[in-house]
Each structure stands twice: as structure tokens, then as C-alpha cells.
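Listed after this line are the structures, all set down as C-alpha cells.
Next come two complexes built around chain A: one with chain B, the other with chain C.
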Partner chain A sequence: MSTIAPKFRLSYFLKSITDNAFWAILLLTLIGLPFVQIILFYLELPVIGNRLLDPYLALTILADPSRQIPLIKSLMQTEFFKIAAFPGFGFAALLAAGTIFVERKMLAKLQLRVGPFYCGKIEGILQLMSDGIKLLSKEIIIPAKADKPIFWAAPVLFVGTAAAFVSLIPAARGGWVVADADVGLLAVFAIIGFFPVITVLSAWSANSKFPFIGGIRALHQMVSFEIPLILSVLGVVILTGTLNLTEIVESQYTYWWIIFLPIGAIVFFIAMLAELERIPFDLPEAESEIVAGWLTEFSGMMYGLVQLGSYLKLYAFAGLFVVLFLGGWSGPNIWPPFPQEIIDKGIEMGPITVRLPGLPLLDQQMLNDVLWFVVKTVGVIFFILLPRGVFPRIRIDLLLHIGWYKLIGLSFVNIFIALALVYAGVLGPEGIL
Partner chain B sequence: MSTTSLPPGLQIEKVDERIMTLNVGPQHPGSGHMRIIVKIDGDYIVDADPDPGYVHRGEEKMAEYRNYIQNIPHLERPVIHDSCNVLYPYCLGVEELLGIEVPERAKYIRVIASELNRCVYIQYWLAIYGIFLGHSTMFMWPAGDRELYIDMLEKMTGARVTHAYFVPGGIRNDVPANFEDMLLRRVNYFEKRIKEYAAIFYDNPILISRTRDAGKLSREDAIRLGTTGSTLRASGVDYDLRVKEPYDAYGELDIKVNTLKEGDSYARSKIPWLDMLESCNIIRQAVQKMPKSGSVRVKLKPNPKSGNDEVYKRVESGRGSLGCYIVSRSAAEPYRVKMSVGSFRNLICMPYLLKGEKLGNMPAVYWSLNYWPVEADR
Partner chain C sequence: MADAVFLGLAVITIGSAIAALEVRSLIYGSIALMGTLGGIAGFFLLLDSPFVAMFQIAVYIGSIAVLILFTVMLVRRQLIFIKIEDKRRRYAGIGLMLSLMMGLGAIILSSGIKTVTTDEPPVDFRAIGADFLTYYWPALILMGFILAASVIGALTLARREDLTNDQHNA
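Moving on, here comes the complex of A and B:
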């Protein structure tokens, strides 16, 4: 008898398998098949190559990779792909997850320690996943006197708003943006304006003292730093004459605006740190004063959602900085072209030759754009993370002093520089550059 | 308002509607093992009432049931990070009660162990000061660098933190072979390392802007409120028991007393750091003057007794003057052991300093007082 499973009997095991299989087959035939039939009846099946997508065709498509290519290509044209995968949520969430990992490892190196190390064998690469599972498995505790609907809604709204912000950031030329609005920059600021509201709602609805103080602090901080944030962007708008983010990037193919507007870039960066509640401006979450600020009462996955939202926000802000000042996706062509041999001859795998007409899936230009965009965004994210290892937390009165006295003044200087460049005829619609 | 009359001695507190009362601690990342009842008006602290006693363990009462030797390991418990210095006044007192003269070599080794332990304590204190201000690197660096001296103390005493190294009559055991070489290498590296803290912490513009003029304690107030140690020296009072009342081998060493005039949080946080640098100098001098061989301990009788006598001895610990008052009544156990600790004396000025400060300054002022909750409660 095994000591690991002392009550194990092979006959019981086989009986349990056959029992389960019997019920599975029975339920599938009685409920599953009619259900699938009903769905197929109402569903409008796609037509591929003048043929209706019947089960036989679907199976051949699964088996033959060359037939999948047009399907994948048509999928990639859809709005769903843009929202869920590439310039939208999936891409941003992947970068956000990478950001958390890099932040922890980089901070550890700075502080002469190892950081996440054991989970996932290679330098603790699965630590994030295990943290996520831990958060999922935790009980969600809601304070007894909390305003429950709003308290529940706050983390979801936070992630939703952050995802809406992500959707406005263009990642590559050729319409690789979820929402290509003509008033893109205005929409960005409209969305940023929601964050303090959500923060205060969640803080107030928790009906607890420390979240309340944290929420009020967040309100002060975000509202007073939104003004320099908007004013510092005005320089770019004056130079380009458009609010469309894609057009702003296209105007920077020769010169990045950070060359002409360094003050605006610095002001934007500092205001961005404050909006993101990063150290040295993490007052709403100041641990030693107000426990965890407005996050104090969140537990389990509610806290996880807020963290996800704040890292999505971090990616979106870094992307916005790249789009406005660092030329977005513009950069020299370094992505190698797709090998012509594979298009012509296919891939030879021993006796079998796989022919894949319709390759490549993505053109070289788009991949090159994405590469440059990611490189620049990661660079900006690195500089957003770096102050955490170097600076202590600032105090609220000093923070407001910086916001209202220094940054607003500097952003007006930036506007005057932009206006001077336009009126001197250096830049702008009729400029010499 | 309830109609039932309140029990005698209780009264309903009248609080302004604008005032919010915060219970900072004991379960709070920004308190120690204690509670501070803070009343705030907006962002300004109206009233701060420290409430120590959460970790009271009755060390003094326990000492009355144990004989002079058994008291050694448990009297160091109030501050295990500074265990040599906590035990120091007790050992000095018992030695005077029993009339023992400590060997010369033991005196120097005591000085070395005490200075090493002071650095270990200050590093821990500094780590927490760093994280209280949101500076996580300043938490990790000192916490890592203090391992250097903890390892050294482990080689000397056999225990990482709770050393129980000082005993009445000398020290428990002699230092290991190759001690001086090991020690001096560590001291040199440690000194180089803590000088780097200036670049990342003490010269940091945000830190200076935040802790300058926060919780200002004038020279007169510092003396009037009876503060001690780094809090007193940061207010410009040149007072260090190692110089003013030299004990053991401290009289033969050249010690510089660090003082700063400002008396604010920044000065109070800088004095311990300067003390660490001074400790390195003291250790070097002590190693140079130490007799290279000889006895390190006077053997006591198994259960020593002394006559009807009382003695008060004090030393300069990491948190200031630390005194031990021992009353003996011709028994194997002390009749009374009373410890007068620097932490508790520094806590007294906290309500004065926090009144009118911003809430954001609370951790900076609180921890800069060099207050150790466990020691204050004993």
C-alpha cells in the first residue's frame, strides 16, 4: 500500500474514470450538441475563399498552416484584435508585467540584494504570476461601514479608465491605434481627469480615516499637477497645430520635439511622476504616515486590480511621453526584411516542404515602428522607476509648492519658447526646418 | 448624548468637528511597538499623545528573582540590537558592589564590543529612518552593512544579536585568533561604506527640504526636557558620558563629541551617522592600545552575594545615557534593579515637537528622536 495515497485502489480509480466519462458523454450529447446546433443556426458563418466555413473546412484549416494565414490576417484587421491584443490591452498588460518585474530586479540590484530569485528557476521570472495567484486566492474583505457598490466599483473603474487611456496611444504607423481620434490629446486629458474622481470615490466609500486622508491627498496632488501637465503639452500643439496623436508623431520624423522643448519635456515628466503616484510623489500611499493611503482597505484581487490599473497607466503615460516628445515610432530601419526564400520556396523540414503563401503576416515597416516604440517606451519607464531607489518621499506642502509655483511657471516659459520658434519662422507650417 | 450618568472618573471627550483623531499604532507601519494618538486639523497636528507600554515585559521585576549571574542574559533584552551597551551599566554596578577590578585587556575588549554594537544599533535605526521617509535604498543598505559587524560580533561572542558578552568581572571569553587583523579590515571597509550614505541620503535635496526645520528643539528646551544622547547633541549640547564620566578604558582614548547646532530632524538624524564614523576611530585606537595578552575575566564565586549597598552606574548607549541602579540587601538576588533608559527620556519631548507640525513630518520627527519603544517599556 502506498503511503502517499493510503486508500488508493486501482479498481476504484478505473471506476471513477468510467463514471466521469459516462456523465461527460451523456451531458454532451443531451445538452452540448443541441446547444452548438442552436448557436450554429443563428451564427453567420464566415466565408473563406468562396466557401462557407463548415466543420470540414474548419478542420482542414486547423491541419494546414497555409490556409490559416488569411484567417489570421483577417482577424488582425478587426477592431477586436486591436482592442484585446496589439496596441490595446494585451500589449499594454504584457509591458506592464515586464515593468513590475524589471522594477523589482532593478531596485534589488540598486539596493545590493537579489530580488525575486526562486520562483521559475530563471531569476524569479514567475514571481509575478505567483503573486497574482496569491492575490486571486485571498479573501476579499470589505469594511462593515463601507459604501459597498461604490467600493466594489472603484477598482474596476480604475482599470477601465487606465485601459481607455491605453487605447489612445498609437504604437505604429498605418492605423495601429485603437481609437484614432482627431482630438486625441484632448481625450487623453479628459481621461486623466477621471483618475482623481475614482480615487476620491474609493477613498470616501471605504469610510475609514487613512483612506480618506490618502484620497484627499491624491485629489490635491492630481488636480494641481494636471495644470502643468496640460500646459507643458501646449508647446507641442503650437508647433504641430494638431491634437491628433498620430499626426503629432508624423510631424517628428526629422526632429524630435524634445530638442526644441526640453523644458516642456522636463515639466511633463515631473508632472507625470506626480500623476502616477511614483516616489518621490507617492504621498497618497505614504506608508509610514497613512498606512497605504487610499489603498488601505482594498484586499485580495481588488488590490490586484488597482495595481494592474496603475501599471497600465504607467505604460500609457510613458507612451504619451514618447509620442509627444521622443518622436513615437520614428527611427532608422533596423528590422531585417522577411527572407524571400521562405516566401518563394517555403520551409523545408526534411522530406516535407511547407508552402505558406501570404507570408509575411506583418510588414517590415510596422515591426520596425513597434520596435522603436517599445525601445523608447521602455527607456522612459526605466527613468520613471529610477527615482524610487534614490529619493525619499516629499511632503504635501512642498509638493504643492513645486506644482503651483515652479512647474506652472516653467511650462509658460516652454509655451513662449514654442511661440517664439513659430513666429521666428524656424518651425511651424511655414518654418525653415 | 446619553442620559445615563457616566461612572465616576469617566467623562465624555469634547472634540471639535474639524479635528480628526488618528490612532497611529501599535499596528501601523509608521509606529514602533507603541501608539501615538494624533489629532489633526487638516494636515496639521494639533496634539500628539505617545502611549508607550505596549511591549512592557517587566524586566526589572524579573531581575529581582534571579541572582547576579542569571540576570545577564535577560537584562540585555530591552534592546537586543545594542545588547552590549544595555548590559554595560549592570556589569559595572555589580563589579562595584562585589569589589572586583576588571583586567586591563577586558576593559579594551569591552570598549571594542560596545562600539561595534553601537554601530550595529545605529545602522538598524538608520534603516528604519530611511523607510519611514520612503527611501527604500536607505533601508536596504544599512541593513546589509550591519551584517559586517554582526559577523564580527558573532566571531567574538558566539551569538549574532543577543551576545550576553559582558559579565561582572570582565568578558565571557577571549577574542578569537587573528582578531585585530579581521577587525581592522572590517572597520576600514565599514567606514568607506557609510561615507557613501552621505551621497544618497544626507545630501539628498528632497530629504534636506523635508527634514530641515522639522521638529525644532532649542538648546534650552533640550536641557529642560531632560533629553539625552543624539537628541541632546543635535541641539548643540556637548554632552557625552564617554567623555564626561569615562568608564573602563574610555578615559585613555581620544574621543571627539559630535554636536550640531540646528536641533531639527535633519541634525538629529545626522548625529548618529557621525557617531558611527567616530566609533570607527575609537575602535582603531582601542585596538592599538589594547594589551596583547592577559586575563580577560575575574572568576566569581558560583553565587555571589554583596552587603547592604546600592550603586548607580551609567554609560553612553546608542540612544544616550543608560543608567542602572542596583540595590543589594545581603542576598544572592538583587533587591531592586532599575534601568533609566535614554529612549524614555527622549520620548518626553515628542508631544512638544509634533504640535503644529504637518502630518507628513510625523515619522521624520518621531524616529529622529532616537527612541526605541521596546527599551522604553522594558
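Moving on, here comes the complex of A and C:
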């Protein structure tokens, strides 16, 4: 028996090896192979000596993609794929993760700092991963006199509500949305109404003064800025005559509503910043006054969940702005078409010709839509991040003054502009444009 | 399927309503009240009127329940509630509720609602809106005036003369 590893047993050793092999094979077949296959269609693979010099050849023979593609296609039509991967959680979480990194790096550049620098070789690109591992491995500390059930439930509910918000945002034409509700815009506002409840409950349950002050501030801010948020959107609803977000996007193929309703877009953007608790409206987590506001007592992955939820919310709000005012996925067709000879003749790799029925996997229109949607959303996210490097935090009475007096007044002006456009016969169902 | 959903919603609504009254902690009571209001929103969804359901969630859970929660958090319970509860009052309350429920149920069941069968689609909210703007426009205008008057009244009541307006001009 070894003295270095006294509990060593051969059976445990073999079990760990087979476990590792199982997970490696599972991940390779579920993620690695499909990814490689999608990427390879757009790459010019070198042919050396009448034969593709690529390990893909071996993998192709091994895994027979001609049987896999119809399987993947049918999988992509399922509800589960929509919820978990594409217009739903996975896509939004990916964009949110990118947002966190870009925010830190861009803020550093604005303030002449370096920012994340040491994780990974290039410009700290692995910082996010290390942060995630750190949060996962940290201990979760619950305050002694906290109300435990609510304190545990609050981060999960926050992420769940943010994910419900994400599920209402359409990403491309042809039903690429998780929940295509007829009253989608109203559902958005119903879901936004849950955020102050969760915030104030988690703030109360921590039984600590800084979270409570932050929670009260968050409640004031969110409840008062919901009103201009809803009113500023009414102009779009008047012009389109529908509450369905997909139909609102389809009504903007010729003109974006930001051209006719710039005041509404500006009011919506400012109210959006306040709802997201971002600088200059980040009073609920003002770190120089009240430690971290309502997030003070969260530690470890609970804090990570709240951060994930708030960035999912940021993506969803940016997507909603794009859908309402920037024409959603509409844009010129710039995505390259799928190579026709692959559809006709299959892929010739030396002696072997692989004919793949069911190609292309995604049609050109959908990829183009997603490209434009992502480009616009990333642009809006950039403009949400930008004030953080520019503006100081404003006082709570000024914040409420802006919300209750100026923004509500401006959103009524916006409604009257929309009504004037409809009654003058410029836009609307019988308009000239 | 619809029956199972109806039963589940009924259990959630009534259960959380009882919990809202009986739970000792006021915070948990207001959370249970949210469950009740959400269950009612579920009934509206079941009745094919998502428009009303969304407004139920947005207004009742998003605003009114938050207001109740906020009030409960800011006051101390001992100061506003003096318990005058004994067993006789309790059983009298339960008996009153049961008799009221049975009476209402008997009235509804004997009103011939069980013989009504219809396959008509649910009324679209656009049709309701169009009716409001055409046939029922005086009612709409009147409601608008009442709401505006109550908002102005609330602002007048909340106005404080002793505060200077300087801080808003800063």
C-alpha cells in the first residue's frame, strides 16, 4: 500500500478513467462534432495530393454526417432548443457574458486604465472564465438572522424572471422566438413588474441595513420609471395597431419607428437605464455610499446568479429597444449564400464524395436576420454601457424628479406626435407611407 | 387538461388566500396574496383572455402587491394590529364564509349557467377597444375625467407647503 495515496484502490482508479472517457466522448459528440461540421462548410479546405489533409475526413467517416443533419434539423425545430439554445437562454447568456467582458475592458480604456489583463494571453480574454470559476468555488454565506427561504429563492427568481423576459424577444423572422404571444408587449410589462418585488424581498430578507436601503431605493426607482417606460411605447402601439412584437418588427421593414418617434425612443432609453440600475441611475447598488446596495449580503454563486440575471435583463431590454424602434432584424441581405455545389454534388474529398441530404442547415434569410439583430442589439448595449464611463451618479430626488415630471411629460408629447401622424394620414393603416 | 389546470389554479388561489390570512409573518402573507392574484391571472388565461391576465399581473402583482409589501416592511406589526381573535369569532367567521359561499354557489348553479354551451371565439380585445372609442365613448371620457380628477386630488393632498422647491431646481 502506498503511503502517498493511502486510499488508492485500482477499482476507483479505473472508474475515474472510464468516467472521464465517458464525458469526453459525450461532449465531443454533442458539441464538438456539430460545431466542427458547421464551421467546415464555410472554410476552404486544402487539398494536398488529391486528398484533403484534415482529420475531418476520418471524423466524417466515423460519424456519418449524412444521417446527422436531418437529426440536427429536427432538433432545432423543437421547443427545447428554442428555450435552451437559440433565441432563448443560451444565446442571451452568451451575449451577456460578452457584454460583461466588453464593459470592463471598454470602461478601462475610457478611464485610461488597462482593465483585465493577465488571464489568458491576449488582453485578459479569459478573465470572465476565471471569475466564473471563482464565484462557483466560493462559499455561500447566509447572514445569521436572514430569512433563509426568501434569501435563497431571490437570486433564482431573479434569473428566472430575466429569462422569461428574454423568451419574449424575437430574433429572426419565421418564428424564431420562444413565446410568440399575441399580447407580447403587455407580457413584457407584466414581467418587468416582478423585478421590484424580487429586489425588495431579497433586500428585506438579508436583514441588514445596506441591502434594505438599496432595496428601498430600487423600489422607488423601478416603480416610478415603469410609467414613462410604458407610456413611451404607446406611440409605437398606436402606429402599428398591435401588441405582438413580431408584427411590430414586420411593420418596420420600410421605416424604423425611431425616425418618426425619436422622443419616445429617447424616453424609453433613459427609463431603460433606470430599470437596469445602470450609471447614472445606479443608486440601488451605489458602491461608494451603501457598500453594494441590495447585493451586499450575496456571496459566491448567489451573487453570480444575480449578475447573470441583470445582464440577461440588459440583453432583453436592448433587444426590446431594437424590436420597437430600430426595426428588429430588418436589414440588407449580406450573408453569403450556401455553396450551391455542396447541395448539388456533395462534398468531394479525394476518392470519397459525401452527399448530404437536408443542407443547408439554416437558411440564408434566417442567418442574415440574426446577424442584423445581433449587430443592432450590440450597438444598443454599447450605448447602455457608455454612460458608465462618462456620467456621475445622480441624487435620488433628482432621479425621481426626472422620472415623474420630465419623462412622463415627454412621453405624452410622443403619444401626441404619434396621434398626429395617424390623423394627418401620414402613417397608420391608411397612411400614405 | 383544462380541468386539471383549473383544479390546480383553484387550489393555488384558495390555498394562498387562506395562507395570506393565516400566516403569522406579514411578509409571507403578502407573498401569499401575490399567489392569489397570480392564480386569478391564470384563470383569465384559461378563459382565453390574455389581455386581462397580463393587466392583472402588471397592475395587481406589479403595483398593488408591491405597495402592500412596502407598507408592511416599513411599519412595525405590533403598533398597528391589536389581536381581538378568539375561538368564537374564528368559527363564526368560517361559518359565515361557508354559508355565503354555498348561497352564492346555489344561486349560480340554479341560474342555468350549466346549460349554456357556446363555441364562439373569445372576444378580441381590439373589438372591445373599438367599442370603447365608438359606441361607449361618453363612458370612456367620463372615466378619463374621474381618473384625472383623482390623480390631481392625490397630488394636492400629497403636496407639502413647508418644503421649499429649491432642491428640485438645483
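Keep this in mind: the second predicted complex is superposed on the first by the 369 of 433 C-alpha atoms of A that agree within 3 Å, B and C clash if a C-alpha of one lies under 4 Å from a C-alpha of the other, contacts with A are read in each partner's own complex, and residues count from 1 in each chain.
FYI, a contact is a pair of C-beta atoms (placed from the backbone, for glycine too) under 8 Å apart; a residue touches a chain by one contact, two chains touch by 3 or more.
Remember, it's a predicted structure, so these values are computed and weren't measured experimentally.
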- Query: In the superposed arrangement, which partner chain does A:L219 touch: chain B (first), chain C (second), both, or neither?
  - Reply: second
- Item | Touched partner set for A:A286, first chain B, second chain C, both or neither | first
- Task: Tell me which partner A:G193 touches in the superposition: chain B (first), chain C (second), both or neither.
- Result: second
- Query: Counting only touches as set out at the top, which of chain B and chain C does A:A181 meet: first, second, both, neither?
  - Reply: second
- Task: Using the touch definition from the top, say if A:G389 reaches chain B (first), chain C (second), both or neither.
- Result: first
- Message: Is A:E103 touching anything from chain B or chain C once the two structures are fitted on A? First, second, both or neither.
- Response: neither
- Message: Per the contact definition in the header, classify A:D397: touching chain B only (first), chain C only (second), both, or neither.
- Response: both
- Task: Take the contacts of chain A with chain B and those with chain C, and give the residues found in both.
- Result: 397-398
- Item | Interfacial residue positions of chain A with respect to chain B in the complex | 107, 110-113, 209-210, 213, 279-280, 282-283, 286-291, 388-398
- Task: Spell out the part of chain C that touches chain A in their complex, as residue ranges.
- Result: 27, 31, 34, 50-51, 54-55, 57-58, 61-63, 65-66, 69-70, 73, 125-126, 167-168, 170
- Show which residues of chain A lie in contact with chain C when the two form their complex. 147, 150, 181-183, 186-187, 189-190, 192-194, 196-197, 200-201, 204, 216, 219, 223, 226, 241, 397-398, 401
- Note on the structure: As the complex stands, chain B meets chain A at residues 20, 22, 28-30, 43, 130-141, 144, 200-201, 204, 206-207, 209-210, 358-363
